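Each structure below is given as structure tokens.
Below, subunit A partners subunit B and then partners subunit C, in two separate complexes.
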Partner chain A sequence: MATAQTTALTRFQTLFLGTIGILLFLGIWSGLSLSGLVPKQFLPTPFEILSKFVQLLSTPFAGGTLQEHLLSSVLRFAYGFFLGAAIGIPLGLMIGWYRLLDEIVSPIFDALRFIAPIAWVPFAALWFGTGIGGPILIIFAGAFPPCLINAYRGARFVNRSLIEAAQMLGTSNTRIITEVLLPASTASIVAGLRVSAGLGWQSLIGAELIVASTGVGFMMVQAQLNISTSIVMSAMLAIGLVGLCIDIILRWVEAAVRRRGLA
Partner chain B sequence: MKRRYAIGFLTIATLAIFWFLATGPLALISPGRFPSPPDVWASLKQVSTKGYANGLLYQHVLHSLKLVALGFVVAIGTGVPLGLLMGWSRRAEAIINPVFSIIRPIPPLAWIPLAILWLGLGDAAKVMVIWFAAFVPSVINSFTGVRRIEPYVIEAARMLGTPRWRFVREVLIPAAAPLIFTGMRLSLQASWTTLVAAELVGALYGLGRILNVAQQDIYPGMIFVGMACVAILGWATTRLLAEVETRSLPWIQMARA
Partner chain C sequence: MAVITFEGVRKSFGHNGGGFLALEKIDLTIADKEFVAIVGPSGCGKTTCMRMVAGFEFPTAGTVNVDGHRVTGPGPNRAVVFQQFALFPWKTVSENIALGLRNKGVEKLEREKRVHQAVELMGLEGYEGAFPHQLSGGMQQRVAIARAYVLEPDVLLMDEPFGALDAQTRTTMQEELVRIARRNPRTVLFITHAVEEAVYLADRVVIMTRRPGRIKEVIDIRSVRTAEKWDKYERIEDVMDLESFVHWRTHIWRSLREEKSGQDR
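For the complex of A and B:
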């Protein structure tokens, strides 16, 4: 056994090996592109993509600069995500509390759960058009289930004695939900929000690839039709960065929640 | 449990009746927005006997199923060994993890235009995108699976002088198996989502193609049929995987019982 699973590496070793990994990755990529093994048109070098990325910030493509497209994508995402959270979390808590509601909602939810969010595209376009309403429905379809499931689980696994204490003191159902279940399931809800955000962002990109006339996904499709690989890859970079930022913000929220002892 | 099933059945039945009444006699929902049950039935009959969007229903279903299976198998075949390797060797983890962290934030669906640029609108592009989508969860979960093995299990095996391959086969993989299956389940879901998206963007056959053509034709009945097929296939393949899981990990069942 060359390396033992339990021996940790020093910080320096990790950094060193990580650098080697990234250099290898970039090196093979650039090598493939520069040597002409893969036509440059289909695989630009990392440097070309970076310069394209910077260029796209000032020169418009497909009706806007990169940040304009990103802004319209992020706005759509925000609407869909907040809608998903605003409906999913209270509904999740409620079905975690009222048994009858759980028994009514669960079969519907289970039936709809297996429809991939992106499969809503045709109905979304038919019902709400391709401007802002349609894509929002698709983000909602991606972001809603994790919110609901995690709020439900949070409410279900609350310490029974907390609920019994509240009930003994004659707390009303509404107050039990807002003042016992909600705080007790915050950790689970925030974890759900992170999953939601990831799925919502991904669904949005999918939706924009198919139906939209603005947004970073639309920009990618236009670049693909123009056979401009460097723009496609710049857009992928931008999508990855925004996704990462969203995740970092939510991770920060998660840590803040834990620090405050709400979890 | 009986009460649960009864209420579930009642709910679905009520919804079905409401659907029938709202789209039919009461005309609450316009047929251009949402299909009535007879519309759906007619669309189902049309696509299964006369065909729609270049093929009969079973051809579309088989085509999508084939691509999902292919992409899923390739992703599992590459992702699980890589995850196990990264879990096993800290050095491999240190080399691969940074590259993996650069690629990971890019959502699988964002690879679709690149796949089309590289491989065109055919099957190869879809398999590539499914591979990328399903690869990440299988790597992460196999990695975590190995890291969560209790150290004493590894130490015991090592003390007994277990040869390397035997160790991998009889200690590492079985101990990481529950999480490997979790990763596979997530991979499978990702495969379906990605396939549908890729077929919606551009394809010649498949369920996404049905949805795409139905959207352009403004044909709600056919959209419904396409969505129902996606849901049923997603459900059936997930069930199949769960079945494989319980068959291949009998000791987990024993622990639960």
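For the complex of A and C:
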């Protein structure tokens, strides 16, 4: 039998094996919950979750239907994510370009970036209560560092001679950032955006568990209080699906960037 | 006006400039509108010389001046054709060529006209919208040359600009460069490994020693060219057949050969 190292799998084989994996997972899960080994209110069957999921689309829970909660989550995410990108990318490029700024900003940044986004929850609660600012702050804390780091790395490792070429063509220092550093770092920046989106989306749910009165995270807490595991798991399913969609969009951007010859 | 002077230039790389000696005792004055070619063994510091005029590198000792002013950084009055092209991969051919003019604030119409002229001059018609990675090495090199020409700089710094071209294109480019130089002379520092090219193009040829690079010999080709009336021949191969050409070509060859064999020992 050929080993994984020697033969590449065909697309069909990959799909087939993946399906087997999922079926196996669902099978064991259903088995566990149907057999009574695990109490039903702790682990509902996949089918129950699915039907709950569909039900939540029309029956409001904790002040809204599933898609209404999702919408407010996605909006918060979008604010935090775009804020993180809008500040992180230019700042990253600038500290990658201006040595002095690097020396000033990097120590602060290096100290702050090891604080988990969720650790900002107390401040979020203190500053914003359950207003929209709190979750945005936490998403921002998740999304901002990868944007900054990847833009910084991109700018730092730009081919030296491209910068020299721009200089000899009379490009000013500030315009080198937009003419050279930004396009040369695009691939790195888009990769950073993907990480950012992942972290931002994860932090959002965490934030909503605590400092929000709408959103999927909030819905999960309410469900937990009612000991409604199937709602909790429906919400998790929704979170996973939306996260996947966000990643697919960014992957598509990444591919488009490659095609433009920017990678 | 653009006079380039090297005065007692030494250049070393490494720890605080104290590590590795690349160039030593470089004294050279390049007159306004003079075409000087530098030849020398690989690694002798030709590119480094050029980079000090461009303002990318600074002498460890001595000075490099342009028009009596010490070079403090790069600028569009000294256009560079890089050995490795250094085209912007995200810009099309015309965008690459146009950047310098845009930086100068040249009007859009005027800019398009000049870019078009440069494209025609370099035989790049039909590729204006292509990205560098879609071009052959030779075509990329021509874009790099066009990008420098279009600025009409006081000083042109060319680092083996025809290195990636096939023999025929190379010949055309050399003849074209001579035509351009006659019509619109400017100060040129031209680095090459091809001895014929140096003799054909240059007013003076500077031969460098192997590392650490020093100036071994400076040959005045211009006086030979005038005396032997090379300019009345249109084609490079006719000039290359002349006895005076062969003489100097062979002289430079021998001189370089000595350096090379010294290096191998």
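FYI, the second predicted complex is superposed on the first by the 244 of 263 C-alpha atoms of A that agree within 3 Å, B and C clash if a C-alpha of one lies under 4 Å from a C-alpha of the other, contacts with A are read in each partner's own complex, and residues count from 1 in each chain.
The rule is short, and it goes like this: a contact is a pair of C-beta atoms (placed from the backbone, for glycine too) under 8 Å apart; a residue touches a chain by one contact, two chains touch by 3 or more.
All values reported here derive from a predicted model rather than from experimental measurement.
Q: Check whether subunit B or subunit C contacts more residues of subunit A in the superposed model.
A: B
Q: So, A:Thr14: does it touch subunit B (first), subunit C (second), both, or neither?
A: first
Q: Please work out whether A:Leu37 is in contact with subunit B alone, subunit C alone, both, or neither, and reply first, second, both or neither.
A: A:Leu37 sits against neither subunit B nor subunit C.
Q: With both complexes overlaid on chain A, does A:Phe114 touch subunit B (first), subunit C (second), both or neither?
A: first
Q: Classify the contacts of A:Thr229 with the two partner chains as first (subunit B alone), second (subunit C alone), both, or neither.
A: A:Thr229 sits against subunit B, while subunit C stays out of touch.
Q: Counting only touches as set out at the top, which of subunit B and subunit C does A:Ser161 meet: first, second, both, neither?
A: second
Q: State whether A:Val221 touches subunit B only (first), subunit C only (second), both chains, or neither.
A: A:Val221 sits against subunit B, while subunit C stays out of touch.
Q: So subunit A touches subunit B in one structure and subunit C in the other; where do those two contact lists coincide?
A: In the superposed arrangement, which is not itself an observed complex, subunit A uses no residue for both subunit B and subunit C.
Q: For a test of understanding, state which residues of subunit A touch subunit B in their complex under the given definition.
A: 1-3, 5-9, 13-14, 16-22, 24-25, 42, 100, 103-104, 106-108, 111-112, 114-123, 125-127, 198, 201-203, 205-206, 209-210, 217, 220-221, 223-224, 227, 229, 232-233, 235-237, 239-241, 243-244, 247
Q: Which residues of subunit C touch subunit A in their complex?
A: Touching subunit A from subunit C are residues 54-56, 73-76, 78-80, 82, 84, 86-90, 99-100, 103-104, 131, 133, 147, 151.
Q: Over in the complex, which subunit B residues touch subunit A? Could you list them?
A: Residue positions touching the partner: 3-4, 7-9, 11-12, 15, 32-34, 87-91, 94-99, 102, 105-114, 116-118, 146, 149, 151, 154, 158, 164, 167, 189, 192-193, 196-197, 200-201, 208, 211-212, 214-215, 218, 220, 223, 226-227, 230-232, 234-235, 238.
Q: Which residues of subunit A touch subunit C in their complex?
A: It is residues 159, 161-162, 164-172, 175, 179-180, 183-184, 186, 260-262 of subunit A that touch subunit C.
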